[in-house]
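A, B, C and D label the chains in the order they appear, each numbered from 1.
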Amino acid sequence: MSEVEGVVEGETIGVWGRMVQSDLWYSFTHSPLAMISALFALVFILACLFAGFVAPHDPFNLASVSLFDSLLPPAWQDGGNISYLLGTDDQGRDVFSTILYGGRISLLVGFLSVAFAAVLGIAVGLVAGYAGGITDAIFMRIADIQLSFPAILIALLIDGVFRGLLPRGLHDEVAVYVLVLSIGLSFWVQYARTVRSSVMIERTKEYVQAGQVIGLPPGTILFRHILPNVLGPVLVIATIQLALAIITEATLSFLGVGVPPTQPSLGTLIRIGNDYLFSGEWWITIFPGIALVLLVLSINLLGDWLRDALNPKLR
Amino acid sequence: MILFIAKRAAQAVLVMLVVALIAFALFRYVGDPINNMVGQDTTFEQRQELRQTLGLNDPFFVQFARFVGHAVQGDFGQSYQLRQPVSELIAQRFPATFELSMVSALMALVIGIPMGVYTALNRKSISSRLFMTLSLVGISLPTFLIGILLILFFGVILRWLPTFGRGEVVQIGWWSTGLLTKSGLESLIMPAITLAIFQMTLIVRLVRAEMLEVLRTDYVKFARARGLKPRTVNFTIALKNTLVPVMTIIGLQVGSIIAFAIITESVFQWPGMGLLFIQAIHQVDIPIMAAYLMLIALIFVIINLIVDILYVVVDPRLRVSGK
Amino acid sequence: EPFHYAFQGDVQSLDPMGLNETFTIGYLGNIYEGLTHYDKDMKIEPGLATDWKQTGPDTWRFNLRKNVKFHGGQDFTAEDVVFSWKRSLTEGSDFKGYGQKIKDIKVIDDHTIDITTPEPNPIFPREVVYLYIMDKGWAEEHNATKATSPKAGDDNSTYAAQHANGTGPFELVSRQPDVKSTLKRFDGYWDKDIPTNVTDVTFTPISQDATRTAALISGELDMAWPIPLQDWNRLENAKGVKILHAPDARTIFLGMDQFRDELLYSSVKGKNPLKDKKVREAMAHAIDLKVIDQKIMRGAAEPAGELIGPQINGFVKSLNTPYEYDPEKSKKLLEEAGYPDGFELGMDCPNNRYVNDALICQAVAGLLARVGIRIDLNAQPKSKYFAKVSPQSGNDTSFYLLGWTPSTFDAHNALFNLVATFDTEKNQGQFNYGHYSNPKIDELTDKIVSETDQAKRQEMITEAMTLLKDDVGYLPIHQQPLSWGVRDGVSVAQRADDVIDLRDVVIEKAK
Amino acid sequence: MSVLLDIDGLKVVFESRHGDVTAARNVCLSIASGEILGVVGESGAGKSTIGNAAMGLLERPGKVAGGTVTLEGERIDGLPPEAMRRLRGAKISMIFQDPLTSLDPLRTIAEQLVTTMTTHLPLSEREARKRAVALMHEVGIPDPEARIDDYPHQFSGGMRQRVVIALALCAEPNVIIADEPTTALDVSIQAQILDLLRKLVRTKGAGMIIITHDMGVIAEIADRVAVMYRGEVVEAGPTRKILGDPDHDYTKSLISAVPRPDVKLDRFPLVEHIESAGSRRSLDLKTHWLGQKRDYGALDGPLLSVRDLEMTFRVGSMFGGGRRSVNAVDGVSFDIAAGETFGLVGESGSGKSTIARLVTGIYQPTGGAIVFAGTDLAGITRRRELNRHRRQMQMIFQDPYSSVNPRKKVGAIVAEPILFHKLAGSRAEVNRIVADLLDHVGLGAKVAGKYPHEFSGGQRQRISIARALATRPRFLICDEPTSALDVSIQAQVLNLLKDLQAELGLTMLFISHDLPVIRQMCDRVAVMRRGRIEEIAPTEDLFERPQNEYTRHLLKLMPKMTGAAA
């Protein structure tokens, strides 16, 4: 028959029940790739969050790190030590533990900066694309200005300002936020311009006019109606930029803005290991590299799935 | 049209002014140029003197005004470090960066767009899933690592390709090109790939995402109903419609390829502007940094202008100005 | 024979008075020459002067070499020496320091000059090694009579920064900053006895360590440096290349703020623990130089106890024994000093200046943490680092890492710059970022400068250095290694100042 | 007459996580050359689905689950894609229901026509273009030489529909499936198109399936009729028989619901056969939320007064030349009294929708005044003030496809105005109201959880109607509100509008080119042509004693359901 069972809104089936019944959950449970990715991402994120319990060593505690144990190969190789499963780096930090501890910083920086950039960029893109005219011109020229500065310089600027404004000693606490701010600031333009171009097309559609007729304020029309229709590319950019943010953080740390070298992030660890690729100490790069690749992979696959699942036409 | 471009040119000037302003506010945080300009035996007084001569002790807006005053006359100053006019330096370096960026942008587009279309058309096939997954590996590794791995493999182990530099170049007027010699082309391969990987991944995924939307539209369905060839439907109709939003990102990417080939250039010692700039940051060579940032601002303004014009060329709906 | 080599940085300027930086003057030493010259053991040998002698306490007579031609064909005469000296004092010059060592030059004849110095100077011939001689006529012709100024729009041209006309064994063919510079053998070079058989020289700067090493291994280079220490193994095992290493004349050390009443970066408030010798001693005993050498420097460094190395005139062997590694003693000393739980201390460190600089700092941080001194490390690129720690920003640091090579290869240089009390008037102690001060040492330093009796002079140097060591004024770490990678079949002389002199490069005929 | 297309026992299912939906079952249809088969039936009965299935264009999750399709004696279901492609357009072609989204927005009409022709016919580009111009002329596009290089968005809905028809016909197919080919057209064009289609079928010996719910069209053109109901063909036979003497209950009710062009009735004859779309409860407006009246201040004079309204669009490329102006609305004045239904008829592209958009404030007029409830809307600059007035107006959009947000569930679309204006107390109440509204427009409360793309065109139009009602408007603009609806739903909806009007004193601007509907609905009518009003008159006067030449022309062309049993 032409009628199918639909989910009737407002039925009292509880939050969990509603989630299990939702289309998203259905699509999720029918996509093995999404489930594997989610599982990996979840395990990794949890392991990072609870690094203090999971990791066998605390690589950020200088007193417990011994230079004597530096550059040990993974446990299964000659000269390996079972206590350092994946070997140690040049300062004697346990690579496995550092992946977890450093992963925590990387994830924080990655997620926060992408979220910051996305929120800022989407908002600007929506407004610029919808309002057009002078508003659009102003925002887009700001974007041009922004684009001219590489993340490195923005980071230097923000770091400089922060150092100037904040009392000494607070720097380390805010280091991560300096990173988030700088990376976020250098990323938002992509969202803004993408969203803007989609909005310019979307705003001519009749459903937008319908919203106007209902009397919805532009904000509501923008965020509730147009936004969902322009999110596809945004998700692509966001998931990819997550990787980029994590890597950028490593580059910035090298320039002396960002996390201190005594507390390496995942990206920093890879960068450190990069120096040892020729000399045969491959484990310092390869293991964090694999961790990062898997993390990025799983998040992107989740993103792919989510984007398709959120598009009702593709179900 | 002329009015439109004139308006944008005026905006460009404004953009560049602001870029310069921010740049000068920022230079204070890059470090101290003096230390790189003198040897260790130079006395404190001499250092102070030099600082004074260069006007580094002036308030930043005085420095800014001075810079703008000169820049208006086409004078971007002289490199602290290289003691050579900055405009000359940039003109020397521009061809290298330009060739590298264009080749890798081309690579990214030529591989990225068809791949995006392919993966959208065969959404569920194993091969497109595999490709989508593999393409991610490329972006989750930092550029410097990819570069080094390429060097290690093709340069050191196989010895197929040169590990650094630009090879032999041919001088055509002020332009130096590496595209006409064998060693020039060989040298180009690895940097271009390194630079293209990220852009390619992004383009593949964006094209795929947009393409999936467009393939579901009624006009694509109607085109099929008229028995148009799949090539026409997929490329002429669907891809063109896909490109409107994707164009933005491609434009931005081409811009950032040119602008921020920094890491690739320094890994491969590619003698382009990016290398010049990173060197300048290390040496706090303010005139180079300032001129470079202005140039990049100009490039982005131009690219965005082109993208905006392209929108209108590609999408007739945007040509209406009724409201 | 062609010779292709690479360094991590580029020649900064072709102007011989442009930048007093080791690599740049080293490179220019192949094109230009001074009156005297360092041989491969850093001994002074005749350059453009055939011989010299001190004719009074502050007067030196130099006999100039005859029949020397510049690359452009001009003859070398006493005029050129006077011109070059005067040029070194012009505004854009970075060699004023050398120029100021000369009070006047009297031209006796075309090939004889008398130089007077402002005060008696026992090491004067060393001071003129890098005062390269330019041709007066050439400079006048190209409006290059003043050193290139970094400022645009000045009336002096930048000609000399991009062209060169010296008397050295090689002449400039082409130069593209940061890309490539090429030299070719100068046929008319006066010294026909130099060992080299190199005809064409290509120099490329390659800033990335890995790329440089790769280019060497892949055979694209005949020589490259510095080679990261961790890659030594790889190079030794690779076919066709070898590592050349020796201790650098540069000593790496840690400095401490010893003048503020309260440290800028520390948990201790109201007093400065680093003023307390016990604390400094505690730190000295807590840093295990051996493990730093073994693990960070891969055994290639020379742990040091003195601020200057054996290559430096005035070095005292007995003082070079490092402070003993004894963490227990450290803890005890800290307790005695009133810090049983240690304290927090901010540390500044460059991360692209010296061999493994940031790693050393991290290791120091780790070692100090074990006795309770918790280091908050701020590792930055050198331009930011120096901007922060140097006097211009009021020595904004509490604890820092620095390296020093006395440019005259004489102990006085180190004492004057690093140890003497900070004093802008007298220009002394400019690199004494922690303002260590010992009046006795100041007194000795003043005397050393003009003492011509070598034995007496050495005595005074030894005394000053001993005082410094007793005070624990600095914490020396090591002499970093020179680390050159050379293709088999190429022989070079590794000079202690990390300079390659092309005169000594010999390439085996192609196999 | 040889059988051109034969559909036998066709079954189409849409797979879904909640179980399969059978959109068509055991459908048997066939057409011979020179024959026109009309397919009628309720909206959502599966008419379009059958067309898609025959063309081999069903998309996931839909699939043919049984039956055969035979084209000129050859089985074409399950043909390899490339072989099927060669047939499409050349042998069998389809005119899509939705003209607004069927055209590639980025390519000119000429390009689209030329590619299609050169794909199937051995023509050079120049020849193809020549034929394209001729074809454009044939389908009734004025000034085809100039307009062929326009882009789709520069055409009005009706014009686009003609372009779609031209595109479907340009490669001269033998079998044409026309899915509501004239819904968006005014009567004169409709007559032209029907003429065109008929001529094509008769002279070329082609066969055609015409899907429509306009009984007038059926009567005019079809030789035979098949009636579909809930995925099944319930009755088929010669047109005269079906229209005159239907057997099946549904057909009977359908016929009775056809609006009468000749007499004005108080209400539409209610469809007896109400089992479709779940239980369609009728609402008691006296007690229901929808009926709760809101007080507006006393009003003397008309509720809406439009004076000398002008709207000029500037069209053309930004690269200099080619810029031209379109005077879509050119000095229009009319008044609408409170409680009145004012009709607006006129040819496609005459500016009807533009007027609607001007009144609702979607467009800013380039000239003239719009006075609503005594206030000149153009004079108000404060948004809130403006909104207070605008809130009393609602609009039902012409294009059911783009007027609902594809990313929102139906329930949310309808609930939005209620929630936004806080018209109901609790979330539960909102849900109840939404359910009632959906029920009332004949969709059934259960569709709240679906997305718009799961609906047929008529079903989507009803979503739009439910949304418009959800603000309890005082003034309702209906831009072709029922053009995509089958007559039974149309009757239902129009009755609802009439009820609302009676109960609430709703005022309506009713845009349509369906003259019978206009006659049934409106108190006064304005006839528009080329942005101007030709004539304004009370409905009965207009229909009985048209003054204007153009009006008379329109009335003459009005399709009549000859032999309708009523």
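Following the convention adopted for this analysis, contacts are C-beta pairs under 8 Å (C-beta built on N, C-alpha and C of every residue); 3 or more make two chains touch, one makes a residue touch a chain.
The shown structure was predicted, so the numbers you read here are calculated from the model rather than taken from an experiment.
Each of A-B and A-D has its own count of C-beta contacts, and the greater count is at A-B. Farthest from subunit D, judged by the mean position of CA atoms in each chain, is C. Distance between chain centres (mean CA atoms), subunit C to subunit D: 86 Å. One finds 23 Å separating the Cα centroids of subunit A and subunit B.
Rounded to a whole number, the gap between the C-alpha centres of subunit A and subunit D is 46 angstrom. In terms of their C-alpha centroids, the spacing between subunit A and subunit C amounts to 45 Å. Contact with two or more other chains is made by residues 30, 148, 152, 216, 244, 281, 315, 317 of subunit B. Across the assembly, subunit D contributes 153 as residues in contact with two or more other chains. In subunit C, the residues that touch at least two other chains are 210, 214, 381, 384-385. Pairs of chains in mutual contact: A-B, A-C, A-D, B-C, B-D.
Of all residues in subunit C, those touching subunit A in their complex are 209-210, 213-214, 228, 230-234, 264-265, 288, 291-292, 295-296, 346, 351, 358-359, 361-363, 365-370, 374-381, 384-385.
Those residues of subunit D lying in contact with subunit B across their complex are 55, 57, 59, 81, 85-90, 93-94, 96, 98, 101-108, 115-116, 119-120, 151, 153-154, 164, 167-168, 171, 313-320, 363-364, 401.
Listed in rising order, the residues of subunit D touching subunit A in the complex are 16-19, 21-23, 44-46, 61, 153, 230-231, 277-278, 357, 360-362, 383, 387, 390-391, 393-395, 397-399, 402-409, 411-412, 416-417, 420-421, 427-428, 431, 434-435, 444-451, 453-454, 464, 467, 471. The part of subunit A that touches subunit D in the complex is made up of residues 1-10, 23, 26, 204-207, 209-210, 212-217, 220, 224-225, 228-229, 310-313, 315.
Listed in rising order, the residues of subunit B touching subunit A in the complex are 11-12, 14-15, 18-19, 22-23, 25-26, 28-30, 129, 132-133, 136-137, 139-145, 148-149, 152, 198, 201-202, 205-206, 209-210, 212-213, 216, 244-249, 252, 255-256, 259-260, 262-263, 281, 293-294, 296-297, 300-301, 304, 311, 315, 317-318.
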